[in-house]
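I'd like to ask some things about the structure below.
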Amino acid sequence: MVKEIQTVDVNLIRKVILPRSLHSHKGNYGRVLLIGGCYPYGGAILMAARSCVYSGAGLVTVATERDNITALHAQLPEAMAFDIEECPLLEAQLAGAEVIVIGPGLGESDLAREVFTSVLSAVRSSQVLIIDGSALTLLAEKLDLVNSFAGQMILTPHQKEWERLSGLAVEDQLVEANLQALKQFPQGSILIAKRYQTQILQLGQTPRQITIGGPYQATGGMGDTLAGMIAGFVGQFKNDRLDAVSAAVYAHSAIARELSQTNYVTLPSQIAEQIPVFMRSILP
Amino acid sequence: MVKEIQTVDVNLIRKVILPRSLHSHKGNYGRVLLIGGCYPYGGAILMAARSCVYSGAGLVTVATERDNITALHAQLPEAMAFDIEECPLLEAQLAGAEVIVIGPGLGESDLAREVFTSVLSAVRSSQVLIIDGSALTLLAEKLDLVNSFAGQMILTPHQKEWERLSGLAVEDQLVEANLQALKQFPQGSILIAKRYQTQILQLGQTPRQITIGGPYQATGGMGDTLAGMIAGFVGQFKNDRLDAVSAAVYAHSAIARELSQTNYVTLPSQIAEQIPVFMRSILP
Amino acid sequence: MVKEIQTVDVNLIRKVILPRSLHSHKGNYGRVLLIGGCYPYGGAILMAARSCVYSGAGLVTVATERDNITALHAQLPEAMAFDIEECPLLEAQLAGAEVIVIGPGLGESDLAREVFTSVLSAVRSSQVLIIDGSALTLLAEKLDLVNSFAGQMILTPHQKEWERLSGLAVEDQLVEANLQALKQFPQGSILIAKRYQTQILQLGQTPRQITIGGPYQATGGMGDTLAGMIAGFVGQFKNDRLDAVSAAVYAHSAIARELSQTNYVTLPSQIAEQIPVFMRSILP
Amino acid sequence: MVKEIQTVDVNLIRKVILPRSLHSHKGNYGRVLLIGGCYPYGGAILMAARSCVYSGAGLVTVATERDNITALHAQLPEAMAFDIEECPLLEAQLAGAEVIVIGPGLGESDLAREVFTSVLSAVRSSQVLIIDGSALTLLAEKLDLVNSFAGQMILTPHQKEWERLSGLAVEDQLVEANLQALKQFPQGSILIAKRYQTQILQLGQTPRQITIGGPYQATGGMGDTLAGMIAGFVGQFKNDRLDAVSAAVYAHSAIARELSQTNYVTLPSQIAEQIPVFMRSILP
């Protein structure tokens, strides 16, 4: 059965990115906790945090290895950062966050597994959990722990990660099959199946797809940047989560497309800097 | 009784930001000491220091945790920096500073409390003391120690911090009530009540308010940036401190407003870079 | 006998820098491993890595001293980085890389020699090995170890390094003599003889030369930047390696030439940032 | 007796900043060693090194505290850097340098004194020694050690430093008196007396003065930036050292003047970035 697929376009993003309320403050725009950046992948969480801050998240905190904090602050003083191995701080931040991103540069070490399990046990039903990068591989081993996470999870696999997680070979990752595979995840989970023309899927919703973006985005760190943007958008645009996620995916590729007019390859650092400009251009 | 409220506008700022005297040198533009940036809030003092330097302060020194100095120098070699735990250096710098900012990213740890108390005991009557961020919370516990600080203190609370400090609920923080609450602080203290249309209050003076700025400023680090600007302005514009403070608050929001023409959210790093340009635009 | 020499020009580079395939991903654009940056030459590998990432390499990993990783991530979160002394990681990365650059800031310490020898023993016939900087001096002592590296090696000496390696005095490094000297290296090795009008030589191919570039490039780090670009180009443009190398050398000087219209000296950091723009300008 | 004073202007700088020879390489543009940046003044040497690199020096090496190297490389990978406490490296670099700058952020600690004395004993007659910042204060105690440094020394004091060094009160530092005071220094020493309309003096030469620049330069780090520029100019423009120094001083203020058209205060980092642009604008 061929399903109708909705193309995410600028009209959808116009519904999401609205003028901010005059009397709002940073507390209204999301407390985001990003977890990752373990050696030797320290840069990944820096890119995710940067794009999250530049997306307009109210308060961004990073849990990463202590050695990574200096590099973060040198380029992004706007984010708080603490040592991922400090359990009490991690617990406190997990308790206070509205949106949690786990995975950019997390790796698959013993520490990574331990942190991942702690996060899964700490998440409350009011929190959004974005699972990215190596955390998707860890999730494949722990699917039983997320049974109760209805309506909370956002998965952002690229094709190989989705293959490991869903069992679907890359060439079989069509919308219909991906929706079928989504059934093994908690109800209401949102899947960002990253690929040429990325799919945004949620059971019970019309499947969505973006038709912009291109191979100028094929460079390391692009996914980390997207994960940070999704967190930033979900944290501040609360009317409809699927719309917020779709807007983030669209914005990410729209910015890259714009940069590709003058750049052969579009780098994560460049994309992050353009986020506030792109978002402003959407306002009436 | 409804008091008259003066709107801070560009005419006031034109009285403050004047051409520099030809024969002046950096010693004429303020020795500023900024204290804070304790783990996990290292970035806060970097943003305050950056905006202070870019405001034109003559000499900027930062007391922060040793681990934070590399990140500071990587982006702001213009500031000196030393380990907040080195008592002799802290004492020497406290003795030499004209303007002291305590609070951005200071936290409420034992170390923070100890440093805060040391600073309060060291301050001399010729120095300006700007209390920001978590130091406002520490101040609430130590109000007796500042009794003698007539005409020296500048408080920069956001609404929740002012609530803790003054006892006034957020919804009651109107000009009249805020002025009343100011009476429990040393005579001549200046209150920056940060909010939509920030108030700038000093007993005996017409209350002031800015009417520019907006929710594009609702992001982490905005207050740290303002604290640094206030220090920079107070350090170099010495004719009238209330005017200097008002000009800093106005400039901060005016820069954000200008950036918001092209940016959905205005980030601290962007604002800092625009300070010299904005200040130049005010000159005849 | 005077050989015909081909001038590398924009027509050649147009054959190399082609639009990317729509369905490609970062795995198609080269896994590059860069090795170097040992104390006190930490900056060299940062410049090489930066130019490699900005050239569009799919995945860039840096092996350097642990103390150097923070500086790298502070300006280039897009690259992964690990401690050059961690043998298991080095082995794993050597196994997975398609292109290996050894030399920028490697030095000639015992550690440098040990790493160099490990790399030579680990390289497989499908990998490209770019030898730059001090590794060229180390190579002079170990020529016997590369006997079997037919069609894999790219050498990027400046005149003094080539003198040490080939035995040819600087004034004798003409095309004919350089080709003759190349015979002592594995068959198919490509020589970038860096100088005014750099030569690009491979036995059995028409010698090539660039006729652009100039003394505005005479500054420290220029060679590290070129090494990173060559790796980036070789990693993604796989039709003809000699063409890819020639395009990288040409692009490096063309960007410098363009920058020299407005800059007396053209710095490595400036060149890296312009790479994606230059490459885009080549597309039809 | 009133001496004639020559105003340094753009005609002089046009004689200095010439097109580079086509066949030149980085070895022709000066090996510069900069020494300083000791805690808590780490940033000073970063600013000096940055302006030196951006002036076009061929090879720039920094001796600073180990903790400071990461911050340096994060923003200036073009410079090499080593631990100021490593005597063998310091000796080797002192032996190889053509221009040595000592002082930016050196401080007056025991280590500073020890390094200063080592440098004075190591300098050879072919080397240029630029003494800046706190090293000028150290020099006041060690004048006997520089007796033999004829034609090698460049002193860059601000008014207070010159007072300590020469015994002349600030208000007495007129050209005639400064020339008189210069007699106690080795023959041929060049004095940059930094002030409003900086003087450039050498016994036996017409005194020079710049008439540009202004109080927008009155900010911390401006002197460090100038010291790095002087080193860069002296290292590459070898026809006439007094002219090279004059050109550096002029360029520094000319860039600041240009920036001051749009900036209230001109920061060291901004000035450094404009050096290559300014120098290019001087070429015919």
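As written, the chain order gives the labels A, B, C and D, with residue 1 at the start of each chain.
Methods note: contacts are C-beta pairs under 8 Å (C-beta built on N, C-alpha and C of every residue); 3 or more make two chains touch, one makes a residue touch a chain.
Here the structure is a predicted model, which means the values were calculated and not measured.
Steps from subunit A to subunit C, taking the shortest chain of touch contacts, total 1. Under half of the residue numbers at the subunit A-subunit B interface are used by both copies of the sequence. The greatest centre-to-centre gap from subunit A, using C-alpha centroids, is found for D. Centroids built from CA atoms put subunit C at 49 Å from subunit B. Note on chain placement: the centre of subunit C and the centre of subunit D lie 35 Å apart, centres being C-alpha means.
In subunit D, the residues that reach two or more other chains under the touch definition are 70-71, 74-75.
Across the interface of their complex, subunit B is touched by residues 39-44, 46-47, 50, 67-68, 70-71, 74-75, 158-159, 196, 214-216, 218-222, 260-269 of subunit D. Interface of subunit D with subunit C (complex): residues 17, 20-26, 28-29, 53-61, 69-82, 89, 275-277, 279-280, 282-283.
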